[in-house]
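Following: one structure in structure tokens, then a few remarks.
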Amino acid sequence: MKKADSQETMAPAAESSKMLRAMVGLGVICALMIVLAFEWTKPRIEQNKAAALEQAIFKVIPGMVSKQTFLLTPDNTLVPAGANVDKNAEVVYAGYDKEGKLAGIAVEASGLGFADVLRVLYGYNPETEKIVGFFVLESKETPGLGDKIEKDPQFLANFAGLDVALKEDKVTLKNPPVTVKAGMKTNPWEIDGITGATISSRAIGAIINSSTTRWVPMLQQQQATLRNTTTN
Amino acid sequence: MKTESLWYIFINASLINNFVLAYFLGICPFLGVSGKLETATKMGGAVTFVMLISSMCAYGLHAFLIAVNAPFLQLISYIVVIASTVQLVEMFIKKMSPALFRALGIFLPLITTNCAILGLALFQTNKGYGFIESIVYALGAGVGFTFALVLMAGLREQLEFAEVPNVVKGTALTLLIAGILSLTFMGFAGLGS
Amino acid sequence: MLNKTLHISTSPHIVRGVSTTDIMRNVVWALLPVAAYAVYAFGLNALLVLVTAVAACVLTEHYLCRISKKKTTIGDWSAVITGLLLGLSLPPHFPLWMTFAGGVLAIALGKFIFGGLGYNVFNPALVGRAVLQAAFPVAITTWYPAFSADRFGVVDGSILTFPFLEPTYDAVSGATPLAAFKFDGAITETYDLAMGLVGGSTGETCAVLIILGGVYLAVRKMMNWRIPLAVLGTVYVLTALLHWMDSQSYPEPGFMLFSGGLMLGAVFMATDMVASPITPLGVVIYGAIIGLVVVVIRLWGGLPEGVMYAILLANAIGPHIDKWIQPTVYGTTKTSRGA
Amino acid sequence: MGKPNTPSTNSGFWANLRESPSTDDFIKGLWRENPVFVQVLGMCPTLAVSNTTMNALAMGLATTFVLLMSNMLVSSLRFFIPKQVRIASYILIIATFVTITDYMIQAISVDLHKSLGAFISLIVVNCLILGRAEAFASKNTIGKSFLDGLGMGLGFTFALICLGAVREIMGNGTLLGFGVLPGNFQEWIVMILPAGGFFTLALWLLLFNALKEKRAQA
Amino acid sequence: MSLFNFHKNTFKHGVHPPEHKSETNSLPIRQFPFAPVIILPMVQHIGAPAEIIVREGQEVVRGQLLAKAGGFVSVPVHAPVTGTIRKITNVPSISGKMVPGIYLETAPFSNQEVHGNKPVDVETATPEEILQGIQDAGIVGLGGAAFPTHVKLKVPAGKTCEVLLINGIECEPYLTTDHRVMLEQAEDIFLGIRYLLKVTGAKRAVIGIEANKQDAADHLTQHIPADIPVTVQVVPVKYPQGSEKMLITSILGVEVPSGGLPIDVNALVVNVATAAEMGRLLPHGRGILERVITITGPAVKKKGNYLIPIGTPLRYVLEQVGVDEQLSEVYLGGPMMGVAVSNLDISIVKGASGIVAFTEKEVSRPTEILPCIKCGACVEACPISLNPSKLGILAKFEAYERMADEFHLMDCFECGSCAYVCPSHIPLVQYFRLSKSVVRKRSAAKKSAEHAK
């Protein structure tokens, strides 16, 4: 690069107007290309993203065919989300089966894992008061070890029907879910851990625990809202 | 939902997910400037400084781009704004504190378009950090970068006087040490969880 | 008679009798009781692990000397120490092919690339172990209880796994005291820890024998006693403080001192002179850093144990300590003025 | 920066302007002046996304695309861009193509985009691209610049795959996602961890050093 | 570290080599026979060579001046025997170089009466006269350095000497010269101290003696004259306690500043034998003719402490005491600091305090040098608190400037403690001697280059 520099000093200084014109011209060309690419790919990308989200929700609510997004308002009530969703608002997705019956609610939760923040999505069935599905949205856990929380069928089986029933008071869980040592699961509210990934599997337990403690009472109370919405 | 305390953000960026040793960001200066402790320290200082500035720029820019609904300009605007801000700050420092300029000055242009800086800006945006969180993140990343760089420089200075086999000499040795350091930093995993 | 040619040497014409080889050999002696106890507690499996580790290190050292056209250096016994300590720091049923790989890595990556004996900046045995831990995290955290009845009769299947294949583990694996503490909050009795009546790495269980070995070396001036003292002292003080503030969440210092690899690490690994600072004060700082990091990782980190990482990190900081902590040269202090 | 001397491409500055594209413009980047193994450029993406061969391939091709486009645009605009603002212009051009690539990858597969992460955007600061723009494209014809970009890009991709393949096979027992080793092969997880990236690249460099030394002795 | 550095009657670090003193420390000093030919180099001291004032063939009597001082930093040479100047030519010296000198043939059957000169009376002489007397007597430091004593004793303007330290430490293994001198020549020593006190203006004198010579300490204590301020102080046994810096630290608790001299801490150090020599020679105006030397070592048959005429050829000495078949190495001085002799044709000089001869068995040192394992033994041995390990590694890589600039190479006084303890048998002090000479050469070259500008 040195050589280029020395040639540069020898070249006659371009007038600033020429410089300006060149930069502006280049800027316009670049902006044009970007906008074109953006507009051209936008529909595909949005479709891809929506499909990915849909897929995840489908995974955690077995038997659903359609969904509706609900917003949590500041006074803790759920309202169907309109077209313009505030990005910072918390949302849950209600899933409905063929008959339009509420099949479950997908809730996003996050917490600290072994390596970084874990983001997961789980499905809650208000009728059976169980977690019915589970999907890891984002994880940096060690491949081949901590990432068993995404792939290990034995671990995922924990969430085919994890008991999160409420007490009589309808505000606290009877048995908050908890991760136990691999192979030690004896109760329906326990999550069998993964040997060698104790920390990650316990982190999942903790995330589910704190999220259900907060969400389950709310979802139970507002079941009516969730049921009676026409789906999109 | 907020899950990360500021303390965790700092520890995470500096030790657990060290930019150099876990994310592979800023490898070029890491390989290039880790031969001498003195330059390494200054480089670390300069990177931390630029990271703080970039972090603030990126925070403001992101808010602006969201407001005008032009997310596609993110990359271009980050790189242009960060580079020019650092240049401005550089000129400012030159005026205000020639000593500081002498210490950091030569490194600033080198690192403005370095991937650790841009990576920081992009990560903090992806993670959706607020202003304070972003600054803490930048500080953590800078401190972590400096820590890794300074450790490496110490080791390399010592190894100048070792009978390193010829085939290993040079970049290969530095990379191997980086690998061992990376393993070492894995000990911090899960800290604060 | 007096016409013979005289041999010339430069002063000093006499040297102290102790040689580097002597030191290394004595470290091996000091480690033998620890190794013997490991075999007693874990049986044939531990014996195989130890032998494999030592063989891997020695062979690698020999072979690397050959390809770099140097005289073989296995005669200095340091590779034996590396192998022994690597073996002692692995689980007693660790698959042999992995053990062998660890030995090769310890010498090649931990020692050879830096120029061999005397130049390695990290503890070779721990470099080997760190790679193993990152490569085979499941195998290296699969523990077996000590004193199983058939330990002298049966060799575990997983230990003989064919090279490069995945071992299958028996269901009997037990947790170490530290894992039990981290994940279940269970505390093991200090007496059991000190006497080695618990599970854990092959050689870390019997603290008493480790201390005896250390005392032997320290008395013979073949080991820097300041290092273990600084490491253990720091762990003790920090844990005692924490335990005093909150005895619910933090264990007693005795538990911390005698559990896991701390004793083995403090006495035999942190003391690897090659990878530790050289001045008395520097060595104390180095030890304190190890102690601090051990406490931080054990109490607040994700992993149950952090001795290996602590020592490696302190190794990396070592050159800085050596740079800043130099002996105060005679005649440059305050006392050098006026009688 | 202690890099091996780059056989200078601008030694024949004026000659280059007149020269027509030659196969050497293409070939040199593949091996003799390989950006990763010889010039040690663009290390960050090399290490970060080479944990699987797929990622390596995708990253390599994305980089090649950006390199190709920026080389051509820079070359065609080389008489219009004033020297004083050339670096800024190059960055602008590169950033544009990176943004475009980013969107294209998102359009192809969200999963791929997720696994490459921010490193697609970080192609902007890959010194290889700016380096070629400055050292080659700004002084050569479009044809030559095209070949140079292609060669360098493919050389970069090749190096990434060298790393990615080793890391994926050892670390996961697979190649491009297909199991190539026995099912009970024990993965070396370290290889897909960051440390494995450092080690693998170091091993390749060691191998080249050893070969070089052997050749020097012969 | 200074926190723990309270004054402990000794210095920091140091080593404890086996002493081997019992073999000779009870043997009284005996007169050595005169050799048929005496070889007298003109540089037996630090400084300018002495200038020969006799001619070949001239007959000289014992004690007669043969060569006068070649300047202020120089001392004269006297005839150790009565005889004939055979030849004035270059003679071999311990350094291996040939230096100007004299071959003196001893007159057989001469009564060897000593030729005196102008006496210097301790009561009446002025300090200047005493200094002149010291120079005229050809006195140099007998502690080993052979530095002209009158130069050292001349207190520079602006400085004062408070304490005079008499060095009776003798920390080298094997040597018992000073030990015997203290036992047998107490009167000479105290007379010498009188001269010294007068010359230096010191308010007191302390005789430092290591604890392994308690008998000498007791003997001297009993004989201290009432009218002079002299004390005896016993210090723990440790090499290199005898070095003047270490002695000052042991006895006075202060350190001589880096690059400085004892006078910077208001002290002067003189070896006991030097003091004794002054007491013996000055009242008669004589010059140094002979000195006490311990001849010992496993290869020597008749070990002992001998009064040997200066110039006696080494070969003659060894023939007289008899040596083992397996003789392999001979040192002038002790085994820690002494110089190995390559050629037995050199002769006894003023600075020689001992002759130690080893057989092959004793010198079968391990020859293999292993890399430094950073065991720190050298760091904890170096009395100057250098970092010999680091210095050694830098020397190996020829980074001499860094050794001097960052690691105080020039403060190393080559005691050899580091090399003695090193388990890897790295020739540390040997490296440092070489490094120091390179640094000195380079900085001299630099200086002259600057001058040229």
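Letters A, B, C, D and E mark the chains as written, and numbering starts fresh at 1 in each.
Rule of thumb we're sticking to: contacts are C-beta pairs under 8 Å (C-beta built on N, C-alpha and C of every residue); 3 or more make two chains touch, one makes a residue touch a chain.
Computed from a predicted model, the values in this text were never measured in an experiment.
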{"item": "Target subunit D, source subunit B, minimum contact steps", "value": "1"}
{"item": "If a chain touches subunit D and subunit E alike, it appears here", "value": "B, C"}
{"item": "Given subunit C and subunit E, the chains that contact each of them", "value": "B"}
{"item": "Pair of chains with maximal C-beta contact number", "value": "C-E"}
{"item": "Of all other chains, the one whose Cα centre sits farthest from subunit E", "value": "A"}
{"item": "Chain occupying the most central position, where position means C-alpha average", "value": "C"}
{"item": "Centre-to-centre distance between subunit E and subunit B (centres being mean Cα positions), rounded to whole Å", "value": "61"}
{"item": "Centre-to-centre distance between subunit C and subunit A (centres being mean Cα positions), rounded to whole Å", "value": "44"}
{"item": "Inter-chain centre distance, subunit A versus subunit D - centres from mean C-alpha coordinates, in Å", "value": "33"}
{"item": "Distance from the mean Cα position of subunit D to that of subunit C, given in whole angstrom", "value": "42"}
{"item": "For subunit C, residues contacting two or more additional chains", "value": "109, 115-116, 119, 131, 134, 137, 302-303, 322"}
{"item": "Shared interface positions of subunit E, touching two or more other chains", "value": "371"}
{"item": "For subunit D, residues that touch 2 or more chains besides their own", "value": "88, 92, 95-96, 99, 103, 187, 189-190, 193, 195-196, 199"}
{"item": "Touch relationships between chains, expressed as pairs", "value": "A-B, A-C, A-D, B-C, B-D, B-E, C-D, C-E"}
{"item": "In the complex, subunit A residues that touch subunit B", "value": "30-31, 34-35, 37-38, 90, 109-117, 140, 199, 203"}
{"item": "In the complex with subunit B, residue positions of subunit C that touch it", "value": "68, 109, 112-116, 119, 121-122, 127, 130-131, 133-134, 293, 296-297, 300-303, 306, 308-310, 312-313, 316-320, 322-323"}
{"item": "Interface residues, subunit B side, partner subunit A - complex", "value": "1, 3-4, 8, 12, 16-17, 72-73, 76, 127, 189-190, 192-193"}
{"item": "Contact set on subunit C toward subunit D in their complex", "value": "98, 109, 131, 134-137, 139, 161, 164-167"}
{"item": "Parts of subunit C lying in touch with subunit A, wherever the complex brings them together", "value": "137-138, 141-142, 173, 179, 183, 302-303"}
